[in-house]
Amino acid sequence: MQQALLWFFVLASLAGGLLMLVLRHPMRVALALISTMVSLAAIYAILGVHVIAVFQVLIYVGAVMVFMVYAIMLLDVRDPSFTHRYSGYLLPGLAGAVVLVVAFVRGLAGSTPAVMGAGVGTTFDVQPFSVAFLNDYWLYFELTSVLLLAAVVAAIAILKARRRGNG
Amino acid sequence: MSEAAMLNWVLFLPVAGMAALLLVPRLRADLVRGLSLAVMVLQFLLTVVLYLEFDADLGGLQFETRLPWIADWGVYYHVGLDGLNILLVLLTAFLGPLVVAGAFSAIQKDVKLFYSMVFFIQFAMLGTFVAQDLFLFYVFWETMLIPMFLIIGIWGGERRIYATLKFVLYTAFGSILMLAAVIYLVWSLKSQTGITSFAFADLYGTRLPLDAQVLLFGAFALSFAIKVPVVPLHTWLPDAHVEAPTAGSVILAGVLLKMGTYGFIKLGFPLFPEATAVYTPVIMVLAVISIIYGACLALVQDDIKKIIAYSSISHLGYVMLGLASLDLLGIQGAIIQMVSHGLTAGGLFLMVGMIYERCHSRDLAAYGGLAKLLPVYSVFFMVLTLAAVGLPTTSGFTGEFLVLMGAFNAAWPQYEAGVTWPLVLACLAVLGVVLGALYMLRLAQHFLFGESKAPHQPLADLNLREKAILALIVVAVFWLGLFPDSFMRKTELGALEYQQQVMSRPAGSWVSVEPAGGSAP
Amino acid sequence: MDNTQLLLALSTALFAIGLAGVVIRRNLLVMLMCMELMLNGVVLSLVTLSQQAASTTGAVLVFLVFVVAAAEIAIAVPIVLLLARRKRTLDMDAFTDLKG
Amino acid sequence: MTQLLTLIVVLPLLGFLLNGLLGQRLGRGFVSAVGCGLPVLAFLTAIMAVRAVLAADAPLVETAFRWALVGDFAFDVSFYLDRLSAVMVLIVTGVGSLIHVYSTGYMKDDPGYARYFAYLNLFLFFMLLLVLGRSLLVLFVGWEGVGLASYLLIGFWFADPVKAAAGKKAFITNRVGDAGFLLGMFVIYSTLGTLEMDRINAAFMGPELPAVSASLIGLLLFIGATGKSAQIPLHVWLPDAMAGPTPVSALIHAATMVTAGVYLVARLSGVYLHAPEASAVVAAIGVLTAFFAATIAVVQTDIKKVLAYSTISQLGFMFLALGVGAYGVAVFHLYTHAFFKACLFLGAGSVIHAMGGEQDIRRMGGLAKKIPWTFGTFAIATAAIAGLPPLAGFFSKDEILWFAFASEAGGQTWLWALASLTALLTAFYMFRLLWLTFFGKPRMDEHTAAHVHESPLSMTGVLVALAVLSAVGGFFSIPHFLEEQLPLPAVDERLHHLEHTLVIIAVAIGLAGLAGAAWLYSGDGSRPARIGARLAPLHRLLSGKYYVDELYEAVIGRPLTWVSDRIFLRIGDRAVIDGTLHGLTGLARQAAGVLGRVQTGNLHLYAWLVLAGIFALLLWSWRHV
Amino acid sequence: MNASTLLTAMLPEHLLLLGILLLIVLEIGARKPREFLWVTLVTVFAAAFAAARLYVSDYAAAPFPGQFSVDPAALLGKATLLGLTLPAVLIAGGEFRGPRFSILLLSSVYGACLMLSSDSFLTLFLGIELMSLPVYALVLLAMGRPESAEGALKYLILGGAGTASLLLGISFTFGSTGSFGLAAFGAALAGGDTMARAAVVLVLLAFYLKAAVVPFHAWAPDAYESASVPVTAYMATVIKSAVLLAAVRMFAGTEVPASMVVLLAGLPLLSMVWGNLTAMRQESFRRMIAYSSIAHAGYLFFAFLGPAQGRYEAVIFYVIAYGLMNLLAFVCLPTGEDATRDRLDNLKGLFGRNPYAAVLIAAAMLSLAGIPPFPGFVAKFLIFRNVIDAGYTGWAVAGLIGSYLGIYFYLRVIQYMFMSAGEEAAAATPSRAWAFAASLCCLLPVILLTIFPGWLLDRL
């Protein structure tokens, strides 16, 4: 059952990814991406990595994609990129992607990760994760805040530049 | 000042000169000129003292300074005089004031920069000659490109950019491969003995397998041969000479070209004796080709500077021949020939510059019968022409004669042993003597004799400054032609050491080291 | 093919599809989303492997990736807005002023 | 005085320096005093030195200074005076001094007076270096130096391109010879380890012969000699050299410099004695040169050209003598030739002077009465060169013919026959010259005729002195004087009885030449024209000088220029070398363009590059585990 | 872990953070826009000084074991990066209103410093991102250049691809070694299975991309050209240096296995050739420097062929020499409209107008070309010496020939400045005190390194 679900979500996320390449309107692409993300969250849940699954939904779908959708709606300009979906590098790009996937799959199929087999522990429950994060990894917490701070300043700078620029 | 420090003084005086020039206001051109001349004269005088103090009976280095420079790599600031460089140092210091004085009226643009560059190149050239550390040598060797690039490029003629880029790119290509060889050589020394050192003295002791030697020598030789220049690597020279301002040509012909031959004698041959044995036929053939090819080309040029430029190729062919002959006569002759060529070609370029300043043409056909228009000029020109032809009593004869004799002397025993080609080469080289007369007299003929004409008349004959410059050169030319012995005393031990370094190591006695690992791309 | 390999394959596939999307799609916003898809693919691989090893570090890294992705989008979208305002188009092929 | 020889050499050098540096400022008096005084002083010093040599009966050796020391080998500048060089040094300084004196008259009005004397003194300096040098190197210095002085003096009137070109031609032709000389020197050094000529001779005279072919050395040095002494095939420069002032022709191109080759061979007789092949070549070249030059001289119309070819011809005689081992005889002829040829040239100079610069004998005639001193001396010298007894030329030429016939060291009948024929021609063309110039009706224009006048005393005096020497010089037997140093070759006993016959033949030849010329050129001048018309092709060939110049130009000159210009410059330098370089830079430029086009500004492409890069790297790294 | 270690070990970072916070406060508090450049300068200088001071005292500590540690090598790297930032800040004087530029710059430097101290891939990843994200914005902040947003976007998207590749690589590294520690990379490099190989390739690729190695270089010319001069200078020097120094840290003591040599030398060699050739035809100074930096990335990656213990020495020296010289060129560029200021044509006749600047730019170009006696030569020598020491003579020769191709376009700049006549109209540019100070900042160390390269080399 679980395995079947896993397969289902694997295929669903793959389908979502592929759809992103072919759908015409950005909004539909966004929806495809969201479906992929949700499928991935489901996979994480199946794997038992609940914290990540929750983050996936909250941060990606909840924050990032909402932001994207907002941007899409804001920029509802009709231009050639809506009618002509593909750049001049369609064939090389697809060929590249296909051979890359084939290479990855064939290359990695034979190799067994050294970390195999530990299975799911309690590591990924919310509480142990939070404790570990704040005890052992608080450096990253700090750094992340610096990063976000910088990103905010950057975003503001860009927006202000737009206002000032154009000249 | 202590004895040893004096060489450093000589070496760094141009740097001090540059620094002093920085302080002079840009528009005080006369002050710049005067200061430059004063510094150069001082440098020459100091060099003369050095020369006189140089003890001809001591082998090895004198006035040696050895200070750690990049201690971590075993690189030392190591300079000193020996029999091989003493004359070239003297020549460089001698030409310095003449170059400076010769440019007094010719250079009116960016005077300060010009003299700074002259100082710069003087520094680099002296440094190359006196360096006893391969790294230091290489640094000086390459540094030379910078001022020359600017001198030709800024103050040169119409196609100066082409000429100067050609010069730099040509030379830099050789240097790049030499750099690889330098690194490899030092690495070999380290892997053999555990010593990390760039000192010539240490590197002479490196024992390399023949195939490695052949490659390394090839890299060194390419770099040196371009600088000499040896046919067929010579085409930068005529262009550079033609486009360079007078001072540039004088430096180029007077000193810079000797870098190549000096490189051979100081590094190329002694570092790789077995490879030298392999390459000697090639070098001798190329030297003879240079002699004849350069002479032939000089014969059909219409640009006065080009004639002298091609004659330089021919004359330096003699130097190469002498060096490769490994006969003491040839080596000594080659050293003298280097100096002699510096004097004659330098002097001729100065003279061409003087006429160019007056008439703004280098076209041989535009001139004629200058002997009537400019009698004093013509006398000097004739003397220098004849010195270039190698007429006895001039320096040119001393060099050519000893070189040819050396080459022949080296070839004769081989001939008796049944190997004829060296003798054939020596005989062909003698042919260069005839060709030399042919093209130089053609120049003098068109230039000085015949119906009087010049693009710009009336012409003022030489002024006192110009006379003084040329008189000094002429005196030196005759001095070297009539009494070379005093000079050759100073170089004899150096020449002997060189000869022994190259010849004494019996083939096959070297210890093999591991061949280079790694794959080539 | 066991699950780990299946998921790794999926992860690389998503990575490749995302990259291909950047190559072949002309719409700027779509390109951004394809970039996100690449990151998603990578996250999947991270999660799979950390889950196998029960590594908290891996989970922390995934969290960091999320934050970085968000920050990247936060910067990218304003840039896209700027470009769109300037040229009234979202066609990447229109933005080839810099070249050579 | 111990440095006597050095002094001889230095005196003219001093003259050169004084005249060259100060002459222009100090005026003609000073120039004349220095220019003539120092050579005369040198002559006197030379006499003292020669007396010392004769008194001591040993060569005088002096070392001036050490030129160079390489390894164990010293190149010393040292001087060597023995009987041979004594003869030479006396000729050089003696005749030289006379010509200097003559020049004061001849060059009186020339603006380059000081320069002229400076050059002349310089020439003397180098000539003395050549003659006195002990080592081949010093000799070579003088050898090239006289070439230089000759070059400068031929081109003395440099404004005329033809004259300047003649100077260049002389220099370069000499250089060709010098190349041979150098090679010879190198062979000697490489095998014998010395360049000092007495040692070289000694090496070959010693009990054990050196392990080198004397003929090789002999031939190489002889190449040098052919250059300097204008022998076939390097004879072409001498006639052109007549472009210089006439006293120069007399001194350099007749009396002294051109005999340097003869001197060299005589000096190294030790080598040539052991080089029968080389000697044979010398003799053959000598006699052929003598003959061909004589034939050309027959048709020349320029007074100086006739003398020039006669000089070549006479030099040929000297080489013939050298070739058959009669070194003393060669020097003897050199010595007599110096007198009569100098006299002839100076006489010609006097004629030209009188004619206001005219040199063409077709426009002369009947000068005998107008310039009697010149005529008289010229006639004596002509008779001397024609070999009429008892004048100087008779003795020397006769001995040459005899040894050419009878010497055991290479005497051949055909040498004698050809030489005798040449002697006949010599007598003929010399008397032709005499006749055309001095006898018959004047053929010059009125204006010139009116101005014909005898030369000043400084010139005629010298002419008389030389004429006297030409007349009596033969009584001083140089071969005898040099006997102990340069023994005469053995003569085939069986031929001894022919000696007197040959003398008679020789005299007859001289007279026959005289008679022929007299018959042909007395009268209205129609006879030569008729004969000339009948032998038109031959005449053309002879006046074209056998077209040797043209041949050289076609075989060497033009191909050299062509190869240099077309092959070396255009193909070698420009097309191949620079072409390759420009090709490479063009390639780099093009590559830069292509690579620059990859940067299209299109992000899709950039991303694709990343995609392709990942794939390629992965694939490569997996393939090469 | 005690508080003082925490404070001391991260002192440079703390100072930077302090500066950032101060600037934010100031921006919020300021009534009208002001530059606050002094704050930035003092911050960078203090941080650089702190790093240098700690380096001199041979400080080493691990406040977050396995995540963040400092050692002298890292400290010297940080001091270098911060020192190189200083001139970039100086020439930015007067160009940006408001402290946002400063905040972004400081954050970016913060990230760069972080990379040099990272012990785990997490820190490295955060460092790279923290370094890159603000730069995307900085590129865009050029005054009056409509294309700059385009450059920023290209940089961002390709940078994102690089990030993804890095993360995939990290995950594979973890998969094959079971560790997120930086040392795992060495293990993966030494290991032979396909996943380890993929991990190495993907991580390396991210570094190649950030350092602009062909074929992952394409963003660089566009981004460099679109950014303003100080930002280009910053990108060309500090970011490139940080990436390379981080790579050295990541490679640590691992010798490159023979089978990986082509991977590590092939693309860099291609980079040299590509960068040097393409640079020949550029007409924009910044674009030319971009291609030059692509070539230099090639040289720098050659250092990894050499023996492990020489790598750091080679890279740090190269980075210092290269960075100083690059900055020297940038700070001496004539002032003016940003869009025209870096046209190479604008440099024509510079010597006549401003000899000081022309001479310094010339020196910089020659140094970049690797012509002695400038430090660039010593740096190049060091790298190729290491390559030959490791036995890869063939590669060294190829690399040297590749470097030869670059000489021409550097000389072209000198040719423009000294040998071509410029319009005199452009004359009389006032020499700004900021730029002069910046030039001194670079010049003094350059002189020191030119005359006594040993002074630094002996200390490495």
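The first chain written gets the first letter, and so on, giving A, B, C, D and E; residue counts start at 1 in each chain.
Keep in mind that, in the parts below, a residue touches a chain if its C-beta (ideal position, glycine included) is under 8 Å from a C-beta of that chain, and two chains touch if they have at least 3 such contacts.
If you're wondering where the values come from, they're calculated on a predicted model, not measured in any experiment.
A.B. asks: In contact with chain B and with chain D at once: which chains are those? Just list them.
C.D. replies: In this structure, the chains that contact chain D and also chain B are E.
A.B. asks: From chain A, how many touching-chain steps at minimum until you land on chain B?
C.D. replies: Minimal hop count between chain A and chain B: 2.
A.B. asks: Would you mind naming the chains that touch chain D and likewise touch chain E?
C.D. replies: Per touch definition, common to chain D and chain E: A, B, C.
A.B. asks: Write down the chain pair with more C-beta contact pairs when B-E is set against A-D.
C.D. replies: By the number of C-beta pairs in contact, the winner is B-E.
A.B. asks: Please identify which chain has its centre, taken as the mean of its CA atoms, farthest from the centre of chain E.
C.D. replies: D
A.B. asks: On a CA-centroid basis, which chain has its centre farthest from chain A's?
C.D. replies: Most remote chain from chain A, centroid-wise, comes out as D.
A.B. asks: Quick one: chain C and chain E, Cα centre-to-centre, how many Å?
C.D. replies: 26
A.B. asks: Please report how many Å separate the Cα centroid of chain A from that of chain E, as a whole number.
C.D. replies: 30
A.B. asks: Roughly how far is chain A from chain C, going centre to centre by Cα mean, in whole Å?
C.D. replies: 6
A.B. asks: Roughly how many whole angstrom separate the Cα centroids of chain C and chain D?
C.D. replies: Each chain reduced to its C-alpha mean, chain C and chain D end up 96 Å apart.
A.B. asks: Could you say which residues in chain A touch two or more other chains, in rising order?
C.D. replies: 87-89, 92-93, 96-97, 100, 104, 107-108, 113, 115, 137, 140, 144, 147, 150-151, 154-155, 158, 161, 165-166
A.B. asks: Counting only residues that touch at least two other chains, what does the list for chain B look like?
C.D. replies: 169
A.B. asks: Any chance you could list the residues of chain C touching two or more other chains?
C.D. replies: Residues 8, 12, 15-16, 18-20, 22-24, 26, 28, 31-32, 41, 43, 49-50, 53, 55, 57, 60, 64, 68, 71-72, 75, 79-80, 82, 86, 92-93, 95, 97-100 of chain C touch two or more partner chains.
A.B. asks: Name the touching chain pairs, please: which are they?
C.D. replies: Listed in label order, the chain pairs in contact are A-C, A-D, A-E, B-D, B-E, C-D, C-E, D-E.
A.B. asks: Which part of chain E faces chain D closely enough to touch in the complex?
C.D. replies: Touching chain D: residues 153-154, 157-158, 161-162, 165, 192, 194, 197-198, 200-202, 204-205, 208-209, 215-216, 218-219, 221-222, 259-260, 262-263, 267, 274, 277-282, 405, 408 of chain E.
A.B. asks: Name, in rising order, each residue of chain A that touches chain D in their complex.
C.D. replies: For this pair, the touching residues of chain A are 87-89, 92-93, 96-97, 99-100, 103-104, 107.
A.B. asks: Contact residues on chain D for chain C in the complex?
C.D. replies: Touching chain C: residues 596, 599-604, 607-608, 610-611, 614 of chain D.
A.B. asks: Write out the stretch or stretches of chain D touching chain A in their complex.
C.D. replies: Touch residues, chain D against chain A: 602, 604-605, 607-608, 611-612, 614-615, 618-619, 622.
A.B. asks: For the complex, give me every residue of chain C touching chain D.
C.D. replies: Counting only chain C, the residues touching chain D are 16, 19-20, 22-24, 26, 31, 92-93, 95-100.
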